[in-house]
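Here come two complexes built around chain A, the first alongside chain B, the second alongside chain C.
Entry: the complex of A and B
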């Protein structure tokens, strides 16, 4: 960190937590008087917008029923709601630190509730597929240094993860990729020609909803089975193109399949993820091949990791009986809410009030909702108790997992008058423990 | 014995106690005192059900039980009749006896079934007779009869047994199937039989097949006739044409062993 003026300061090697790339090479110029970031060197357009918009707003630290309140009052109100609930749910967690996520899991465990993250609406299907098929995996560093065949499937990184191409997988020079872009062959498969398409040497325009059939045909070809030329009619890709691609896949030195929500959130879901993971596994008969989901939110990967190491399952975990149970479809938030089942909700750093299906939002409006967010959102609008918290990575430190499961420590740029998510959740947990102890007749252990 | 469900719960109930083994030999008062899992609390069964009579081979459960999960859990003998809809995980781990549901059933009908019979007169949700996530094995025996439609992944990873669906079934019917029989009198959804190793999937309508299934022959399989006559006797709407055939046989999944089959009625 270096001082460059009385009220300006530069924070070097700061981290952008806007998308799953979690670029940790930011040099931030901070105006300490105005409490804002004036320049973010190395950031892409999305990152620059993220740093620019997170200023300190002159708002109360909490609201109860829309009226300003102190953080302490809000913690009391939130604890009372959760202590009285039969099926309280926790949701969100993808835009906060691992330390806060850990407190959230502790709360779910304590109150015998349900915990789920935004993974269930993005790569949850991949989580199911990992369990069923397994994952041949690698870090982005390894991919940068070794991969000479890079395939993107069902994603548009140019617009969603702008530095994925330049920092990790397409253009950078690596140890065994001395000429960068020239040493790599890039394939993109999608149902429409997105702004990412020009980067590819080969673009596969897949008929919508036919990814599974296409992946299945590729798997069959890798295994030496015959595929009928009618595959072109059903998927939009000629058999000859597939055969050439399969030859290329089998003969590359190191291949990678990156897949996005175009695969996981369309018809077939976890089977689509499973098919691409299985394709990578099949290819290991011939060469080294890995598959990685391209994750969206800054710390959604951290959410998977924390929920997994604490409960044994990545998302959609229920503690009603006092021990963790995993069942996507039953314990995932959209499903619980759409069936009208939860009776209280604690939403952390996410906005289901704007992006969930209508039925789910309607149920959220019927039950008491507690929200932690750095900004006003549709969800804070409908909340009974809303906390305004500091922004992770900008105001608070902590740990974030990059999309390849590499943990990165955050360097905050300036202080916020608002508490961090971890602080609020820890206080909520402590108060809840006291209330539940009374309710359950002192049965809960004292220690954390 | 009759259990009348008298008020709608706010959150789902898990009622694994509603099963012959747990209720046999108990008085009305004792049954009323058995625990239900109501959200994160345990409440006595009597809070939601009016109990009358003693168990003499049949439990009649009345009301809208769509929020009551795990009815008939682990049952090995006897009979349960649900006069209304049933919730998720109906007959989980069942090894014998019979469950009849007059309305619809939720997701996960009879996971881990190894024997006995479940009949649903209405529709069923997703994952009928399917493996739980993370488990390599679906049902290992028994019969599941759905008179209406079923959702996705019916018979996921099934190893043995019979699943019959009177209406249509969703996508990925018989996915990962190891053996056993899935008969759909209506339409099959997309991608049926993906990754199947052995087993039979039958439909009376044309179906979109994966590129890894190849046409084998056209014939009248004798075993299918026996299955269909059995289903007809059990009241499913099996027609003469279904019994007569012939069927077009497709073998797959070529990605696996190619020993599975999809039989489509060639009317």
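Entry: the complex of A and C
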């Protein structure tokens, strides 16, 4: 339709934040007139779609009760809501920068509210398991360089993290993996044969809900215990297959167990995560072995890190007593909403309005909701105050953490007329401080 | 104390305090101290705000030369131990953020707890280069204190390749490049040579400094020599900071002595030397070789060391020495973290508790005290617990009391495993009691000098106005736990034991010169063996916020005394 603008530029080494792979090798061709990315070299299909979809929409920067508003008006309205709430909650955070996440925790601290991230509905059980048993882990480059046995459990990276195989773990050549794919043995365990299955040398079709039993049997076999052949009946995998696999695990030089939400969000949850982490730990008595959750959102790992360093706990943190407390099930967002306890919500770069359980969504509809998002969602629909913000990595810089805790700085492609999350949250925090100061009789001083 | 609204830019006169400023030869003289803006000055106007320090002890703010307070491994250890935080909460105040305590406090709590103890500078001692952004983000959230970090280069695969190929010039340039790219303060070596065996040879370790590091045709000793020389040549403010091989193993004093000898008179810092002063046979119970190590350091002025004192109670082994952490996992049965960093490092974390009645723990505790009590030069044997490895930094006041108070020390000695005590000189009722001046040296003036921080650790004109004022108390633990006043950059942070302001300290870092052409040699290695792009690796200035470049110093090698 329209002419292609001549004002093109290429942003090299940009980062895709669409999934937890956080590929930092994007070379983006940007049409600065049309304000859109016309080409994303090296991106997978999901990444290409992510970059291509982003344009600057002709929409107001904010809405209050559905009516267009300025950012400043929306900040005032949002601050009034939060200042008047008794248990305000903050949720989301996995698709924004660490810089914005820092401000969000500061707001939760200031208003003695609750903060939680999408971790509580994806790899929260892995976080809990980590607290229980620890973890042997590695950065993805180490896996590229060394892993000769790669096991995926409960995930479908071919569709969810398309470059996980090619960039990090299966096909790339590495320092001690000179022939790439040929030098690795790949195993996939899942309850159905997904499009990821063809990559595997060995596919284990696990009976649904039987991951824990299977992992526990593997642990026992690693330790030289006897397992009853009835394991096949209960898990779907013959004992002989397990025995061969265990031999392979103990004799590889560098093994890795990747696991996804098929493991963490099914029957057993943190017991499943704990079992797989413990299996990797046990194997270190024989060889070198690591385990890694395959995290979904672009900066969910950053959210875990920021919330942890500021509060000591990774998600589900409550400040109502003036200091952080951690209790998943009590301070996790689905639970706070389903029990009807929260009386205001600040949702950042997330869409609980579409993916939370019905009871939680019903409560969201009853209370004043403030949303920061780059696009319209079910949650912006039900919001009292909705900010339209710039997209991280496309319009704003900032820091994201890849699923293996490697921090990367974003290189924005083009400017947005909308403010970034960090900017909005900082302004909101400053205004809220003034309001709360009045409310608490001048007790709050200007902090650094 | 009438004007509470003043911030930086004000003049302050601290009157009538007993000043301990050993760097300037001031040993408990009653004198005034003048502050203008963020610096100590000779005089201030008569209407300057006054702080009456009559009867109180005035010292420079404390400087911690070796601790683990921020960055990737610290955050893993923090996440790992929620059970340790429930009972140690840190509520927000009108001035300060909330947080959590325990053995690995949250970032805010870390800054506040150092400040509340009168410390105003702390150096994070081990960060992977790829984790530099992370540590800088956490340090940005660590309030009040100035801070920097040491970057782990001692197991760096690219640098090993340069050494293997004899490319020493390029090695030097690459080391300088890495310090700049990460905004580090100096170079840290941890168990040089071990990572390759740990990751590549089924969790093996290297125990002999002359053993070959797999395919590199290098020995740990080659690596140690190359780094000591190079860091001296580059003139970094602080020399190579070394965690010697064989940490914690019986008989490791030999390794430690060999490492120190490899310096050949050049500057070097030996980290947490207590953990490296053991006699006995490998695999059997350790004995003490503390006196021998203390002697060697006493007679070699090129060497500085921090003690890494063990304090009974909760600790966390948290180290780039992954094989050691795995060993401690076996000993303690506790949960364990291992974290491999591509081409750069290993890492291990194990929660740990030191117990008075356990022979090895009591021996470690006693060896630390031996090192302190046999030190002839407090400027070079410095206070640390290798927080959180030997215990929390919040145990420093108790450690100070152990050093200053013979009677208290003897009482404590009687409580611990006596079989261990008999292996040391501690049973001999050592008479030595550290003076306040000596404490000011091991906790301020000495670390500042070893770090090349010319404006810290003293109170002369031009010094940073980082000042702690204690109420004198014969109970030295109590005295050093709760200073009456703490000033940071001339700003009154704590008055009457309470926070009166928040403050953002500076990142301290070094910027040694290098030839930018070295990037051409490094870049292809990244393309082959790293998982992020070379162009996305170096940390931009945006992460520095408040910062200060500390100039280097070239110090020639010296002969033993």
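What we mean here is this: the second predicted complex is superposed on the first by the 441 of 448 C-alpha atoms of A that agree within 3 Å, B and C clash if a C-alpha of one lies under 4 Å from a C-alpha of the other, contacts with A are read in each partner's own complex, and residues count from 1 in each chain.
One rule holds for everything that comes next: a residue touches a chain if its C-beta (ideal position, glycine included) is under 8 Å from a C-beta of that chain, and two chains touch if they have at least 3 such contacts.
All figures in this text were calculated on a predicted structure; none of them were measured in a lab.
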Name the contact category of A:329: first (chain B only), second (chain C only), both, or neither. first
Based on the superposed arrangement, let me know which partner A:220 touches: chain B (first), chain C (second), both, or neither? first
Using the superposition described at the top, determine whether chain B or chain C touches more residues of chain A. C
One more residue to check, A:342. First (chain B), second (chain C), both or neither? first
Which partner chains sit in contact with A:178 here, chain B, chain C, both or neither? Use first/second/both/neither. neither
What is the contact status of A:106 with respect to chain B (first) and chain C (second): first, second, both, or neither? second
Quick one: classify A:406 as touching chain B (first), chain C (second), both or neither. second
With both complexes overlaid on chain A, does A:144 touch chain B (first), chain C (second), both or neither? second
Per the contact definition in the header, classify A:268: touching chain B only (first), chain C only (second), both, or neither. first
Could you tell me if A:132 is touching chain B, chain C, both of them or neither one (first, second, both, neither)? both
If you lay the two complexes on top of each other, which residues of chain A touch chain B in one and chain C in the other? 131-132, 319, 321-322, 326
Residues on chain A engaged by chain B in the complex (per definition of touch): 85-88, 111-113, 128, 131-132, 212-213, 216-217, 219-220, 223, 225-228, 230-231, 234, 267-268, 271, 319-322, 326-330, 341-343
Touching residues (chain side chain A, partner chain C) in the complex: 12-13, 15, 24-25, 98, 102, 106, 109-110, 127, 130-142, 144-146, 167-168, 173-176, 253-254, 281, 284, 286-288, 290, 304-306, 308-314, 319, 321-326, 397, 399, 401, 405-409, 443-445, 447-448
Which part of chain C faces chain A closely enough to touch in the complex? 70, 72, 75, 78-83, 85-86, 89-92, 94-100, 102, 104-108, 130-131, 133-134, 137-138, 141, 143, 157, 198-200, 202-203, 326, 335-343, 349, 501-504, 528-533, 535-536, 539-540, 542
Residue numbers of chain B touching chain A in their complex, please. 10-12, 14, 37-41, 67, 88, 107-108, 126-127, 132-134, 171-172, 175, 190-191, 194, 210-212, 254-255
